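Each of the next two complexes has chain A plus one other chain: chain B in the first, chain C in the second.
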Partner chain A sequence: MALFLQSLILGILLGGLYALLAAGLTLYFGVMRVVMIAHSAFLILAAYLAWWFTSTTGIDPLVSLLGTVPLFFVVGVLMQRVLLSRLRPATLTMMSVLLTFAVALTIEGTIGFVFTGTQRRIQLPYSGSSIEFFGAQIAVVKLIAFVLAAISLTVLYLVLKKTRFGQALRATIQNKEAAELVGIDTRKVAGYGFGVGLATAAIGGTALALDATIYPSLHWHWIGPLMAIIVVGGLGSIPGAAAAAMILGVSQSLLQIPMGTTWAQTIFYVVLFATLVFRPHGFFGGRLAQRF
Partner chain B sequence: MTTSIRRWAVATTAVVGLTVTGCGIDDPSEGGDDAGSSGEASDDPIKIGISLPLTGDFSEPGKGVQRGYEAWAAYVNENGGLLDRQVELTILDDQSNADRVASDYEKLINQDGVDLVFGPFSTRLVVPAAQVALDYGFLFVEPAGAAEDVFTQGFTNLFYAAPAVAQDHYNYLADHIEAMPEGERPETAAYAAMDDPFAQGTAYGLKDRLEEMGVETVVDEVYPPNTTDFSSIAAKIASSDADIVVGGTQYQDAVNLIISLQQLNYQPRMAAFSTAPTNPEFASAIGDKTEGIMAPTGFTPEATYETTAEFVEYFTEENGAEPNEDEANAWTTGQVVAAAVEGVGCADPSAECQQQLIDWLRENEVQTVVGPLTWDAEGRPQGAHLIQQYVDGEIRIVLPEEAAEAELIFPKPEW
Partner chain C sequence: MRNASDTIIRTVQVVAVLGAALGVLLFPMTGPGPFIMSVGVVILSYACMATGWNFVGGFTGYMSLGHAAYTGLGGYAVALLILRADVQPWLALFLGALIVAAFSVPIGYASLRVRGASFVIVSIALVLILLLVFQSWSDVTGGSNGLRVPRPFGPEVLRPEQHERFYYLHAALLVIMLLAWWAIDRSRFGAGLKAIREDEDKAQSLGIPTFGYKLAVFVISAFFTALAGGLYALWFGFLDPIFQFSILIGSYMVLMSLLGGIRSLFGPALGAFIVGYALEFFKAQYGDSQFHLVALGLLLGIVVLFMPEGILPTLGQLLNRLRPDATSIREQSAEELAAKNADAQKAVDQRTEGTNGLTAASLSGSSTTGRKE
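Let's look at the complex of A and B:
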């Protein structure tokens, strides 16, 4: 029972992190039908910037968000305007895979060149600390990452739900042509949407860096599970991605008890295949995507 | 929506394909020159080809081996070379990839025309590399392929340049536990090992011995080499409250596992991890909570073997820090090959010369920085590893007693 509770807590914390990491990915596709392979590479770049910030200044990596969030937002807007907006709409989805794949490789190479291939880990005074909760231990760094994810996703949800930009973004997601007919500049919305997506990568990468060893090619490890999450959750749906992330995170954690580490990791792909076969619009896509 | 879904199906397929492909796309970081002639005059340098995991899962120890090889080459060149010829290393980066390491050695032998090859780091990379060397009849001395798998595949050209194979690394610790009074002896043990022949070999060598003496196995977890989240494995171990935790680990996985165990406030009475604790970065990587952690090692700078002091002094002067085990094993590899070259009097890629080098090592003992080495017919060294432990913040030899620098701490203080 103690192991079940401990694994459940770990799964929830992991699910929260997954949700944050996947949020931007689902936004890109929702707004622009862009498959953003480079999202996880930007996550690792943000993690490296957080590590670099802390190792050079000694200040907590969360402070680096003050710089990386606006920086990534601007990079996202520029990336959409300079690169992605030039792709032909008819082949946008496929070509975006190739284009962002190249961007991912470029980022990986740049990280390797600047920071070398040595594995890095942020060592904080509270890295090994935990809080007891009904006999289970909650690692402080994992809790911080989870709280960061919860705050970020809530803010993102409120921005999409309550602001004019959010309304325009949701309109673009639901029906781009109709949105243009009512006067929404979908090109501008797409740029800002991409910027917001990349800003979440800055937050996600920093959260990841709190409790992970990072190296330049780590993004290949992440892109598969993140893609699975947004497909299972329903493309373009932030709540769907959050729900799928939580389900997959908890499932993975709990399944490790009977199945072991190797087999538990296959849960993502089993669920992905099942989703594509039986519910191709995602488990939550049908209903939740309409909320935007 | 249907069109969108179709696009997604195609795109997802492309993503999976590209992601898989992308895992091996970096350019190799090549060192040295790549001139291709195999024939040389006697004053040409002796070209030695090596592939190492300078990036990827094994990059930390891989770079340690690189430092060891480079220091050995510099030392040899400063002292007149081999057969009065300078040595020249060509080092490729295999990115910890078993396919890549095989093609690297193909390139080194076929295109770069090296005279000799040295082995890479990690059993997973040594096996494919050794196969290529065997195909071309090359002598293959390696610093890090210690798992039993290495010695059961018919590599008649292979020699492991360290004191003992993985399965025997914890022998002195097993002997110590066996000698403890029944009431004090640990009763339960948890094992977590990377799915890697070397790492698993070290953990399971101890597991076999402990089970023989009645220590119950309560967790036996194997994880893939690319595992980044150890929290669930740590939860299993912590929940079992095992007396001993044994990690069959390389470097980064050990660091991640230990931090995860610390986060769960699990306090074992004994903790042993292979490879990582002897790395100089280890203490800072786990927040200096090292007291009582043990590790087997084949090398200590304090050893009194005839070449050790000179090696430690030279290496420390070159690198600003004392050598660790990976660096020492690399240097040892150089010493073993050099002994064969000097013994036979040749260093070229011809089948005759390479076979003479192999035969010479089969019949002779070599004095190295990790002690005198001899090998059985499969290339297993005939020695034993020391057991080190963090005592008062310093890693010290604690077993066997005749070599001990400090008394073994048991039970382990809280971390």
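Let's look at the complex of A and C:
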């Protein structure tokens, strides 16, 4: 029972992190119809920056967020302005996959070049400690990662709901042409939306670095589950992505008991293919996904 | 005049293709060392993979980043058939590709239901799940320790000789694939596929069984790609999940095809020669460093941003400019327009019976010149 509870809690914690990362991917797709393969490469880059920050200064990796979040925001805006806005609208979605794939390769190669391919891990005073909860052992680092993800998702939600920028962003996601008609500069929105998405990658990467052993090609390990989440959740739907992230995170964690760590990961792909056969536009999403 | 320039363009094309074919054929006789010879095999193998990829990518416009699934499965199918079922190697190569083609039917059925980006995502997911399965299922696949593939030629055939034989085998496979692509390109089936590429909804409304066509060409592509993967496995003699089911292999195929031009017969092969040579050069020069990833990423980015049509179509447009009567409007449409105008004029003449035929004639005349410019 304690094992089950522990897996359930770990699944929820993992699902929170997945939800944060999938929210970023959904933002790109929603505002620009861009499928951002490089999201997880930026995630690993943020993890490396956090590791590098802590190993050179000795300060807690969470502090590195003060640098990486604004940096990633600016990089995101620039990436949208300089690279993605050059693609022709007719083939935007397809070509964005290839272009961001190229960016992912470049980032992976650069990380390998600068930090070498050696596996890295952050050593923290609280690395080994855990708290007990009804007999279940929960690692403190996983809890911190979840709290980080929860705070960021809440902030993201408030920004989308309460600010004028959030209104413009949601309007652009719902109907780009109509948003333009009422005077929203959708190009600007797309740029900032991209920046916000990449900022979530900075937070997610730092959360990841607290707990994981990192290496340059780790992003391939992440891109599959994340892409599965946004397709299952329905491309472009943030609530759909969050729900899919939570469900898949929890099922992965629970399946680890009977199946083992590696086989449990296949749940993402099984659900993905099942979704395609039975509901090609995703289980939660709107009509967007069918066309792209 | 146009006939003459057409002949020139045709001659240039024929000479280029024959020259390339002769170059490929005679390459082993120039006496390269075993290393260069093995690079030749690798590049021809890339050309086979890219051409196999182009059955789906070129005809339908569905860009699979996960075709490494089929090269990897092809390799493992051949190896397992030889090792576990004691099948004769060449038969195993063919059987293995058939098995992979059968496997691709349900995969295609699921993944071809979505278009564009979703399809690409699913193709990536396929490779990642196969990597997981082949790493974990070590009883059958050898897991991360890899699998040794028995050599089809006896021990009396030495290594340099092996390279030469496999070089010609790969060249033969490439020719077969090119012929198949060419045949589909000229068929009704091919026309339907290209209609799907241009506008799938319209194609469907015209009565093309789009899903069946897509699935058929998807399976053909999987079959040929698996043949290429199997042949490579027989030559290389060793399989490891990390290299077989790698996203990189699939992205090589896309890059090569895009660079050469996915709408042309020889585009992917040409792209494979360029990218394959560059890849081997980077690997030999910079060894284990991650530099080749950066180079690959930058190259792919440049191709996507600045020449999504590829080299061959760009060259074709350049050649077309040689034509003296080249205009921005296609030749046929100008001719059709003239015929149409003649018809229209006749109709107008009949209707107006000469009362204001002059204005009608001048009107249609002016519209003709207007369109022609």
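Convention: the second predicted complex is superposed on the first by the 285 of 292 C-alpha atoms of A that agree within 3 Å, B and C clash if a C-alpha of one lies under 4 Å from a C-alpha of the other, contacts with A are read in each partner's own complex, and residues count from 1 in each chain.
Everything below uses one rule, namely that a residue touches a chain if its C-beta (ideal position, glycine included) is under 8 Å from a C-beta of that chain, and two chains touch if they have at least 3 such contacts.
It should be emphasised that the depicted structure is a prediction, and the values quoted were computed from it without experimental measurement.
When the two structures are aligned on the shared chain, A:Met227 is found in touch with chain B and with chain C. Once the two complexes are overlaid on the shared chain, A:Thr118 sits against chain B while remaining clear of chain C. Of the two partner chains placed by the overlay, neither chain B nor chain C lies in contact with A:Ala209. Once the two complexes are overlaid on the shared chain, A:Ala139 sits against chain B while remaining clear of chain C. In the superposition on chain A, no contact is made by A:Ile238 with either chain B or chain C.
Of the two partner chains placed by superposition, chain B and chain C are both touched by A:Pro280. When the two complexes are overlaid on their common chain A, residue A:Leu83 makes contact with chain C while staying clear of chain B. Once chain A of one complex is fitted onto chain A of the other, the partner contacts of A:Met32 are absent, as it touches neither chain B nor chain C. Using the contact criterion defined above for the overlaid structures, shared-chain residue A:Leu62 touches neither chain B nor chain C, since it reaches no partner. Counting contacts by the rule stated earlier, residues 29, 33, 35, 37, 93-94, 97-98, 101, 104-105, 108-109, 112, 117, 216, 220, 223-224, 227, 231, 235, 260, 262, 265, 276, 280-281 of chain A appear in both its interface with chain B and its interface with chain C. Chain contact summary for the complex, chain A toward chain C: residues 29, 33, 35, 37, 83, 86-88, 91, 93-99, 101-113, 117, 216, 220, 223-224, 227-228, 230-231, 235, 260, 262-263, 265-266, 268-269, 272-273, 276-277, 280-281, 289-292.
Considering their complex, residues 61, 63, 65, 109-111, 113-118, 120-122, 124-126, 128-129, 132-133, 135-136, 247, 251, 254, 258, 289-301, 304-305, 308 of chain C touch chain A. Those residues of chain B lying in contact with chain A across their complex are 1, 4-5, 7-12, 14-16, 18-19, 22-23, 25-26, 54-56, 59-60, 63, 95, 195, 221-224, 226-229, 231-233, 235-236, 238-239, 251-252, 255-256, 259-260, 262-265, 284-287, 289, 415.
Interface residues of chain A, counted against chain B in their complex, comprise 2-3, 6-7, 10, 14, 29, 33, 35, 37, 93-94, 97-98, 101, 104-105, 108-109, 112, 117-119, 121, 123, 125, 127-130, 132, 137, 139-142, 211-213, 215-218, 220-221, 223-224, 227, 231, 235, 252-253, 256-257, 260-262, 264-265, 276, 280-281.
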